[in-house]
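Here chain A shows up in two complexes: once beside chain B, once beside chain C.
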Partner chain A sequence: MTKLVEWLVGVTVILVAWAVVSFDLLELRLPDTYREVAWPMPLYLLVSFGCYSLATVGYRVATFNDCDEAARELQEQIKEAKEDLRKKGLKM
Partner chain B sequence: MSSRKPRPPSGRSADKYSVLLPTYNERENLPLIVWLLVKYFGESGYEYEIIVIDDGSPDGTLDVAQQLQNIYGEDKILLRPRAKKLGLGTAYIHGIKHATGNFIFIMDADLSHHPKFIPEFIRLQKEGDLDLVSGTRYKGNGGVYGWDLRRKLISRGANFLTQVLLRPGASDLTGSFRLYKKQVLEKLVERCVSKGYVFQMEMIVRARQLHYTIGEVPISFVDRVYGESKLGGNEIVSFAKGLLTLFATT
Partner chain C sequence: MATGVDQAVGMSLVVFSLVLFTYYSVWVIVLPFVARDHVLHNYFLPREYSVILPGVAAIIVLICIGAFAAIVLWKNRKPKKMD
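And then the complex of A and B:
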């Protein structure tokens, strides 16, 4: 199964369950509270996912490590390398 | 400062690491990356070779590579150039054909990847007999130097989207600092069809499909060219296309 198919199956299952409960498609005669809760669920889930995404990406951007130390070390080593290579006969 | 690691007793470890360095106009950086590789491999005591795959660079990269070969020896520096710029996947295939190691390192030749992490890659690989070890900028104390807010946002945003859609089990999919078992790299390159960033992503996704074991090492990525070549709309579009293709086909 490709990821696309997995998603389609998952979304279909959720939508069918939602429709059955919200529109009483199987004549289950569920208590009204079930229907009241189920009805806005898709929208709630989408909005929650949106908020989760923003928060996660935001957090990850904010905590993205800046490797200043690595850059400094690299500069030092570049100097060292150039000197050593020059001694070994490299013509740059 | 790197500490002196004990050399493996001769004869015990038959492992050899081939480093594939595809180059295009890296006349300035090639000597430096080679010097660093020689330094860190030398200290580690492991057998290695560096395979320079130059795609007909007009700036004389091959001449510099020749000089390096004279300095360090033909057994350590192998030159396997190609006539023109042919792409990464074929560069790997070309490199693997000439590699005498049983492990292959792939990395960038522009000093964004630092050889100081190589002993850590090797250690992790040996610990779990892993098929693939990938450098990650997103976990542990991995990170980046030289990126502004916009670049970081694009990077994390794209990575988040990739995680949601592909659930790949690896934190950094577009990274190209990796250690592979030779036969694993061969199998994967055979099956991958994408180009550019997406090629690296596809390698990991296919590795997962084939149930290869994957480990991650936090690395620092020092971007010295960012100022010159910004991440433009074109690259973002082709990334999105590639991601959706992988989503629909794997």
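And then the complex of A and C:
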């Protein structure tokens, strides 16, 4: 049972459950409010996944550490490299 | 910790997504259980829009991505060499 088959089985089960509740395929005659909540569920899950992704990206942008020392070290190395190349004849 | 603009942008993204998630959750899940004449319904559009608006937003995002890809590919096209 590969991972792909596992995922497909899981997705199919959830999809069938959703279809049965939303479109009343088994004539269960659930109360209307439950059907009204169930049928936008795939879209709702997609929107909440999008919100979660956006929040994660935003949070990690806000908490990403500035590395002052590494920045200075990099500038030094750039200067050294430029000197070195100029000595070897590369015109900048 | 990141400084200045980075923090502001990051935090505003977090707040925006939280607000969006809460509003959409109330719209889709809470509202059907609330009585028809409750004042809460005044703050929400009719329920059809809870499906139409994300659909339109998704289409706009796809169009933007497609346009960006088209522009990049157009700029990088190289004429064929005649050998």
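Simple rule for what comes next: the second predicted complex is superposed on the first by the 59 of 92 C-alpha atoms of A that agree within 3 Å, B and C clash if a C-alpha of one lies under 4 Å from a C-alpha of the other, contacts with A are read in each partner's own complex, and residues count from 1 in each chain.
Definition applied: a contact is a pair of C-beta atoms (placed from the backbone, for glycine too) under 8 Å apart; a residue touches a chain by one contact, two chains touch by 3 or more.
Computed from a predicted model, the values in this text were never measured in an experiment.
Student: For A:L8, select first, second, both or neither according to whether it touches chain B, chain C, the two together, or no partner.
Tutor: So A:L8 meets neither chain B nor chain C here.
Student: For A:D66 in the superposed arrangement: first (chain B), second (chain C), both or neither?
Tutor: both
Student: When the two structures are overlaid on chain A, which partner does A:V47 contact: first (chain B), second (chain C), both, or neither?
Tutor: So A:V47 only meets chain C here.
Student: If we overlay the two complexes on their shared chain A, which of chain B and chain C does A:L26 touch? Say first, second, both or neither.
Tutor: neither
Student: One more residue to check, A:A55. First (chain B), second (chain C), both or neither?
Tutor: It touches chain C, and chain B stays clear.
Student: Would you check which partner chain A:V16 touches, where first means chain B only, second means chain C only, and both and neither mean what they say?
Tutor: After superposing on A, A:V16 lies clear of both chain B and chain C.
Student: Please work out whether A:V37 is in contact with chain B alone, chain C alone, both, or neither, and reply first, second, both or neither.
Tutor: In the superposition, A:V37 contacts chain C only.
Student: Just to be sure I follow: which residues of chain A are touched by chain B in one complex and then by chain C in the other one?
Tutor: 57, 60-61, 64-66
Student: Going by the contact rule set out above, which residues of chain B touch chain A in the complex?
Tutor: Chain B reaches chain A through residues 28, 31-32, 35-36, 64, 67-68, 70-71, 111, 114, 137-138, 141-147, 149, 152-153, 155-157, 159-160, 164-167, 220-222, 246-250.
Student: Provide the residue numbers of chain A that touch chain C in the complex, in ascending order.
Tutor: Touch list, chain A to chain C: 33, 36-37, 40, 43-44, 46-48, 51-52, 54-55, 57-66.
Student: If we count contacts the way the header does, which residues on chain A are in touch with chain B in the complex?
Tutor: 2-4, 53, 56-57, 60-61, 64-68, 70-71, 74, 77-78, 81-82, 84-85, 88-92
Student: Applying the document's contact rule, which stretches of chain C touch chain A when the two form their complex?
Tutor: 1-3, 6-7, 9-14, 16-18, 20-21, 24-25, 28-29, 32-33, 47, 50-51, 54-55
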